[in-house]
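Labels run A, B, C and D following the written order; every chain starts at residue 1.
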Amino acid sequence: MVQHMQRWAMDSLGRSSLRLVEGRVPTPGRGEILIKVSAVSLNYRDKLVIDTGMGIALPFPFTPASDLAGTVAAVGVEVGRFREGDRVISTFKPGWIDGVAPGSAAAPSYATLGGAHQGVLAEYVVLDESCAVAAPASLGDAEASTLPVAGLTAWFALVEAGRLKAGETVVVQGTGGVALFGLQIARAHGAEVIVTSSDDGKLARAAELGATHGVNRKREDWVAAVHRLTGDRGADHILEIAGGAGLGRSLEAAAVGGRISVIGIIEGVEVSGPVFPLMLKGVRIEGILVGHRRALEDLVRAVDATGLKPVIDAEYGFADLAAALDHLDRGPFGKIVVKVA
Amino acid sequence: MVQHMQRWAMDSLGRSSLRLVEGRVPTPGRGEILIKVSAVSLNYRDKLVIDTGMGIALPFPFTPASDLAGTVAAVGVEVGRFREGDRVISTFKPGWIDGVAPGSAAAPSYATLGGAHQGVLAEYVVLDESCAVAAPASLGDAEASTLPVAGLTAWFALVEAGRLKAGETVVVQGTGGVALFGLQIARAHGAEVIVTSSDDGKLARAAELGATHGVNRKREDWVAAVHRLTGDRGADHILEIAGGAGLGRSLEAAAVGGRISVIGIIEGVEVSGPVFPLMLKGVRIEGILVGHRRALEDLVRAVDATGLKPVIDAEYGFADLAAALDHLDRGPFGKIVVKVA
Amino acid sequence: MVQHMQRWAMDSLGRSSLRLVEGRVPTPGRGEILIKVSAVSLNYRDKLVIDTGMGIALPFPFTPASDLAGTVAAVGVEVGRFREGDRVISTFKPGWIDGVAPGSAAAPSYATLGGAHQGVLAEYVVLDESCAVAAPASLGDAEASTLPVAGLTAWFALVEAGRLKAGETVVVQGTGGVALFGLQIARAHGAEVIVTSSDDGKLARAAELGATHGVNRKREDWVAAVHRLTGDRGADHILEIAGGAGLGRSLEAAAVGGRISVIGIIEGVEVSGPVFPLMLKGVRIEGILVGHRRALEDLVRAVDATGLKPVIDAEYGFADLAAALDHLDRGPFGKIVVKVA
Amino acid sequence: MVQHMQRWAMDSLGRSSLRLVEGRVPTPGRGEILIKVSAVSLNYRDKLVIDTGMGIALPFPFTPASDLAGTVAAVGVEVGRFREGDRVISTFKPGWIDGVAPGSAAAPSYATLGGAHQGVLAEYVVLDESCAVAAPASLGDAEASTLPVAGLTAWFALVEAGRLKAGETVVVQGTGGVALFGLQIARAHGAEVIVTSSDDGKLARAAELGATHGVNRKREDWVAAVHRLTGDRGADHILEIAGGAGLGRSLEAAAVGGRISVIGIIEGVEVSGPVFPLMLKGVRIEGILVGHRRALEDLVRAVDATGLKPVIDAEYGFADLAAALDHLDRGPFGKIVVKVA
């Protein structure tokens, strides 16, 4: 086995400080697994962490990104969940296995891979075995790497928390990674999906993925469109990319008893909206920060059962991280993946 | 039986237009019951409807108020739920029996008694039999009249939607009617209750009702107090009287996985708060507009089973409506009831 | 409009007493609708009612069957849900709108159409408007008539009560009407479906409908097959046709936390099974008696959204009821429908 | 610190093989804690394990019993949940933290303390830190030791799975440990409780604990009594001590939409009951095998919040295990505790 490896690391905040550094391949300790990384999926949050730190106490030299797919290259003692050769994906938030997330009101936990914990943009990564999940057999590594954050966020909002069912109407705002997973997961459950975008080309591609309706926000008030397309019934679920006054429009668009999942996370941003529709319609607004490991395992099974294929806008080589981040800046259609090996 | 009766009515908006008018006792039609009204409980909303109309198309001459307790004086043909002599209370929103409320996204229903439907400040009222519920045997009429809106709102938020359980922490803001019901209902389920108020006297009275802790908002930051009193764990349920930036503080106070029930309803008011704690803690915010008939029946059973006694700050005679409304303006400790007979 | 109509009626129990009788087309009263019946779907239960009465106090002369699709031919006064010309289907259990079913522990309600209430094997039927639901636009009348009992039973078990999600495994026993709806509804939600049957031909037809796996119970132990096909994980949902010791096998086949929906209803039959797997796996067993109107409305929307087409084994003319009942005796693949008009 | 300790151990099945043996106090490894045991609570299951093995591959020499309260005497490296001096109680089923239990359909897990894992009838015990929970501050060690199995089983059935609320009716069969916890937990949530027993003295003691009604099964049909005491409504929750035809009676006693929690676990025993009430009333039957750690933490908080005091019928000295087991044979009123230190 090789002894040396490369990883991306930064000594201070800012994209320009990212360097490919060489080091020894780590050895897995008790309960740990060594993963030969094949693909890393990037999230908008990774960009924020790299550029701003998001207020997190990053462990410098810091390796960014949280979502990997790879193969178990070695196991430490007392490892029971995996064997050498198993294909795995990572989990975003170590320690959140099922049920309620760790943390308290005063100190909610934001300790994740690629944040308070080291990230995964490396040729080899050691994780506690509790922080990995078997990869879906039906997906290649690049596709599999998109599940831990983008896929799970949409799944957790719509399925784990939202208990989506066939015949319901889901509104998906935009065509980013979470949005397209929301579209595909909703369609896999027999729901109707309305996608909003300001780009007809993206709406056309969303239609190919199964979107029931596309609404161009530049040409039409999307709330009025949701009312029209649902016969005034409204949307049962809305995936709300957090921010500003958008919540108010979502409250208007929501059906009686509808749910709004707030899925973006940007420090300093407020949500606000009128109290009248919130109450008259008994709407539920729920903050969604990815999800727990059990739900990721459910998603993996669903992917294998339904043949869902994550949408990758572009793959970049391991050395081309800068170009991948530039693509993130421009707003991809679906996911951006860095191929490591 | 008497042929004539009095009722409060107004021909235009504004408290000064309220008049006691005389009329014939109505006759119940098919499926309807005639109720001899004993007590009417006032809600803050009644004040708003009288003073501003709240944008509702009121049926003038309009009789205000929605919550009665009384006795069935006569039944129409095909009435099956009640018999003459039964003690009953009204339901706030006709047609909402169980499950999801009527209405659509575009036209959510706000058709309630004392609003789009005539109210109950009258000696006799005719209701469809589906709009009444058997009164609890353990309460007198004045107490029973407080359940349909104030009692049910707190019950629906904490129990029907919130699935409250023993050992959880509930924060109740203020000492109004819904707040004190929230306190009592939470205590009846073995929860701990933190009451916030700016009045030490009211906090002392809340303590007598079983409040575990009282926080004087003038002397202490209530969010810091909630963190301290829960060992940083935070509040599992917060009864949020809708309005402005209060939601942001509630988001800080909420436990991981906690719930905030927004229970006030004031047209024009916004809710707003930071997205970061909403997401990190996976908080649920839910608009609560009273509740359905089945939950009111559940509450009646709970009242009889637990001996819960609603808190009435003052009772006024039927002719003293003006004084009762003045008391509402000042902010009662619990409920204001108008004794009709 | 025509003045006379025909209906099937019986003066005493037993198939031989069924007669086509002539009568006047009824007039809808207050809140009622007159339906010109187009199709009536038969259930195994109808056979039991005709042959044995099932202990129900049938209103002789009695018209059997509960599930119709048709068109509103006239409306009574104060009808608000429907207009003349609307396509509708019936609801099985009048008065069960949402939430918990009517009835008590001592006297559970079994008052349904084609039972304690008159049935629908007639050219015209009057129903209270609360007992009908808009038919799905995507289905013809024969197909639509299969939803009220067979379709709703499977939907209620898997979706309303079972909260089925993509990637779960559903076991469907046999290929009768409820079983095939279970197969189709589960597939529409992205679940995997294992069908058990003793007939290879039926298994092949189930595979064409999307069954993931078929198990011939004559050739293989179906529980062992479920373990094998799920990698020992077991079935998340089992549609159990009530009866005898079958429950014990289902308990063995169920996953940890799995659900068994008992959906047949045959007086005198016992369910039994070993307590050990029930407890070790925390299995839930739930009796399902069709479902409420709101869930039927959900199903109608799901049918329109997913394009699900109910499986009709054969259609019979209105006069050929005897042949239709004979087919029911033999065990159809899916549903038997009587075309009325 | 002492170096030697005593523990109960057996080399083969049968009560007569139990011996007090001396050994070295163990040293906690990585992630482990050493507990100085103060009290051990016995369950009926311990008796079965000692006498019959229950088919479990016991690790001989085997120490029985699963429920301890004690104090952390030392911690291994990387322990984060506890510190020396913390008062703790054990969890029954290692690895079940929250959500769905470990195990599969084919191989459901019954690996518990005092079973496939060593038990706790010892002066010192080493546990993985994940297998302990902070003891409630409001209880002494003897009382605290009764929570892990008896307390949690009742809590899990009624609260975690059953979502009990005030005003509901709970039936508790008998006056054993789980039954009395069920009584107390239900009362702490404002529910009414009907206790059945064949012993008037025990019924009187149950009344002192808050039972709303007692039914002597020797003098009255308990199902008829439940119907009578609930005005025919029936019981919302029934704690069913598994076994035989009892389930049939519980199905008769259950309300529409009621729940039956099957809580005993005896290999070889069947549950059976008529399918008619199961379906007509939409009853849920659920196997309950204790519960997960998060629910135990919820119970601890509820105990501290409500002042619930577990009922201990008798305490025995560490050397008097035989007498304690004899008492278990006779059927205690509440719990039997062995005081270790």
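Everything below uses one rule, namely that contacts are C-beta pairs under 8 Å (C-beta built on N, C-alpha and C of every residue); 3 or more make two chains touch, one makes a residue touch a chain.
Bear in mind the structure is a predicted one, so any value in this text is a computation, not a measurement.
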Problem - Which listed pair, A-D, C-D or B-D, duplicates the contacts of A-B in over half of its pairs - result: C-D
Problem - Between B-C and A-C, the pair joined by more C-beta contacts - result: A-C
Fill in the blank from the handout: Chain-centre distance (mean CA atoms) for subunit B and subunit C, in whole Å, is 41
Practice task
Going through subunit C residue by residue, note those that touch at least 2 other chains and give them in order.
Solution key: 100
Handout entry: Chain-level touch network, classified as line, ring, star, complete or other
Key = complete
Exercise for the section: Provide the residue numbers of subunit A that touch subunit C in the complex, in ascending order. Expected result: 159, 163-168, 185, 188-192, 212, 298-306
Fill in the blank from the handout: In the complex, subunit B touches subunit C at residues 30, 97-100, 292, 294
Exercise for the section: Can you check the complex and tell me which residues of subunit B touch subunit A? Expected result: 100-110, 226-227, 230, 232-235, 242-243, 248, 252-258, 262-289
